[in-house]
């Protein structure tokens, strides 16, 4: 098992993003734990009234972010959506910048302008309007193609976002022009309150394929399985295979934004049994897991304290 | 062969739309001839400077209009696009209303407001903005569904219009809601100056199927073949099968609008060998064909004279 | 008499009374009942005519257009008014055009309802008041929800006419109590309604003859402005007449003109971004109609023309709120 | 010096000089070279950076946004300005937002070129001047082509700055000769340019001190207005100063204010539909800035607020043309 994957960004807290030389299993667990605990903390802060606005947590989907993003390199670009914290943290490890941003503080990654849904940092952007980010990511892919570099542009969308027409306009253009674009579609079965059955007719994978964009489909919450596949997909796009889609069937365990959840309790309970931390955590020694949990907790505690104290 | 199909609208000129009891072969030829000669006349009037604005002729595609529309009944609705003359004439037979409209006269079907691309008459509408008519037609289908009648909503689009995202938004909704909508996609290989290879990635038929909308594909300029298939498709939609697509591969023999044509001459010449009037005309006696040609010519001559004299 | 509830009841009444009414929108079905809960209960009562749609704003508008062309009365909900942008083509080039472009042979009475406005920290793409971009679209009416207008009358106007309309509902109105005029008063203010089913409501502490400023505002800003004029009257004897139209485009300028003819001063208030805004047209029209009779230039109060920040303090610093309204009225009254 | 040709040469120059320039649009590739032939020859010279797109206005704008975020200089062509509606979301919620929403960490300098305007009988969906709906979008510049502005300078401004811009090109300008000021004159009119790379051009038969009306117009209407003021000066000794800005939003009002300070009268002219239009803001601003110093109200000349008919005579009866401009100037000068 290698640790070549996903070196932590310089300056990030290794307790959150991983230590040099740390086994990959542990690093992955650590990163997912980091994202999970960051968001749980966030939801708590919201309840306390320490935050305003809104937020969308990716609890249950952490493996997608970690698995895909560990294959990205300097120069690659990620475009994310309303549910962007996991993607951003997996990319940058910048818990303080994100928390400060959501708190609306000047030290936030966008100085409090963007808040939860509108994040920008080197190699990363997000926007809260469904669908429109897809052509934006394709434009970045076109820029890479014109520049002749081998950078990959990755865009994360949800199942519900497949309702937006501009997604298909972009798939078509990306396929025609063989753009180095990877669309990661996180199908978490629901869009806000709407189940895919009420949102999507036909076949999800076939939709991409029909526009000439090959699809890799996987139903998993296992970061290891996802990473292997994501690595191949990123590699293909990087090698010039043209646009591709990684379609991940997964599940959102938390409510859509803050307190809106009317899904069947049983359905949610079942999915907690295969949540990514549990699935992957089994690969770790109990002791390592505890240690990592503690390190993440301590580090996040410091982040929260620092953020609270910010002007 | 029956003549139950496509009774002419009351008040239309039988020399253009067909006589009671006339064999179906002759009637179809007559209608196609009517459309062809109407548009050729139009292009001539444009050259003379008798008309202004712009126009898009469907020369080469007349069979589509005649074949599909002869299966429609009172209460059905057609939504058409920029290239709508054939559809309108096959539907209404109203040459004078259309010509007067394009001439910008008060007697025009929209009193000169709409011109060539924006036509409205009972059971018929068109709009010159690509794509947007598709949800409009779906809305009419939804109205029919809610009313509990068995009327069919038909929308005609071109291959190039498959570039517009709202088409897919609508396919999805129509499939989810099982709307009685028939999309007739006239793939004439070109969109303005752009060949399908530069416009469309992937597989055209698969695009519809991926959204759960069954596709019937046919490559033909033969009105008889087209009519048989169109009849089945209209029948299925009317019977409650949900939305369907009739994908007709055909060819536009004239320029896109008035004088813009940069397509390979050879390609065009080859397609003139299988143009609908020729293909179907062979089924008629030379004498019948001549007679019909003359009747159409005379009737259209009267229409032009009347239209010119209008205030 | 919570506005969201009244509005929901209005929609229920419309569905009950008129079989042509159809509601479309994202997540509007039960049990969720819409992001702001306005439609809660309606899909259970009218499953065929209250439909949650996919996330497809263009098609929502486009399908509504088709329904309307076919004689139905679609009411489309836009979850956040920010996404009206995705309906712009359908509204401008389809819905608003059909009747005139077809020489009256068709009508397209779509009602689009949009939850607009900021002050909740939702950030740049979930806080805008984009209605100004829909003002002056030929044949489109724009109507703003307010606490001074009964949504029942508003919707009975919509459903009784053949024109399309954009109805903007500021999010912060949803939890508020409606405050309709009763016996010529709303609370401590004098209140009169002029002009049919979508009246301009006039509010003032004293008769207009004793007012020195006219204030023109709609929606949530009208609620704020009412509080401001009440406070200024009580505490400082600065008397202003507030005019609150329901229909903000096309505008019936007559009540505004009458008021300003008396006061000689006009302040317009809106939450949308400054520049080519609602108040701009007011300033243009009133400056013309009352040329030489204004005591001071019309003052257009609008939000700073930039992105709406997520940070609450930053947001408050650029969006119009009570402070800006009060400052403008004070300045005008000086 | 045909405008379409000059514009094409300008784009060719931009592609040659700046490897970051990319052209996207429907049917812009050779041999067709665009519906109005502006880009003819360019795809042959720069096949990678001049791309015909599918009929997907939303994605054209969205891909342009991505290119711009990545440091490129996309120039997107909209075949008919009427279809800007389909780009509205990308322009408002993406392109114009990114820089401010990301606190300056990114820029998104997209140039959108759109062929606008009527008078050709193209009918309701191919004749509009919809730019008024893009005025007042925060952080978006709107610039109008005119015969008095060198497209080379205009594009060098666009490509030298980091902001997005909508550039509207009235179709009827394409076949016209550019008429740039030479030695302080354009034809028989005095002509001066003020204000940097996108100057406001001032045209008049006599020095402004002897003018009794100021006229503010852009694009094709500016060309018409120039002819009108020249004729009125020659034939009737009615002297007007015409001001033609390139950038119509945000506006530099200073030259307008200076002119009107002298003449005391302002007529604004635009082809877009009346109501919440470009001139409305002019009227609002100038009425405020020159309060008490205007001799008459600002007159906003705009087209009738309805669908643009296809019929040539009907179209002419609702769109602004020379006759309306002349009538307004005469009325103002009285």
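Labels A, B, C and D are assigned to the chains in the order they are written; within every chain, residues are numbered from 1.
Following the convention adopted for this analysis, a residue touches a chain if its C-beta (ideal position, glycine included) is under 8 Å from a C-beta of that chain, and two chains touch if they have at least 3 such contacts.
On a predicted model such as this, the values are computed, not experimentally measured, just so you know.
Both subunit A and subunit D are touched by B, C. Identification of common neighbours of subunit B and subunit C yields A, D. In terms of the distance between Cα centroids, subunit D is separated most widely from A. Averaged C-alpha coordinates give centres for subunit C and subunit D that are 31 Å from one another.
Taking each chain's centre as the mean of its C-alpha atoms, subunit A lies 38 Å from subunit C. Distance from the subunit A centre to the subunit B centre is 47 Å, each centre being the mean of its Cα atoms. Multi-chain contact residues of subunit A, defined as those touching 2 or more other chains: 111, 113-114, 118, 127, 129, 162-166, 169, 172-173, 176, 198-200.
Residue positions 53-54, 56, 58-59, 82-83, 86, 89, 93, 97, 100-101, 123-125, 307 of subunit D each touch two or more of the other chains.
Viewed as a network of touching protein chains, the structure reduces to a complete graph with every chain in contact with every other.
Put simply, subunit A touches subunit B in their complex at residues 162-169, 171-173, 175-176, 198-203, 206-207, 209-213. Interface residues of subunit B facing subunit C in the complex, by the touch rule stated above, are 77, 110-111, 113-114, 118, 120-121, 125, 127, 129, 132-144, 146, 153, 165-166, 169-170, 172-173, 176-177.
If you check the complex, the residues on subunit C that touch subunit B are 22, 48-49, 51, 53-54, 56, 58-59, 61-72, 74, 89-90, 93-94, 97-98, 100-103, 105-106. Note for the complex: subunit C touches subunit A at residues 26-27, 29, 31-32, 35, 52-59, 82-83, 86, 120-126, 307, 309-314.
The residues of subunit A lying in touch with subunit C in their complex are 52-54, 101-102, 104-105, 108, 111-118, 127-131, 160-165, 191-194, 198-200, 260, 262.
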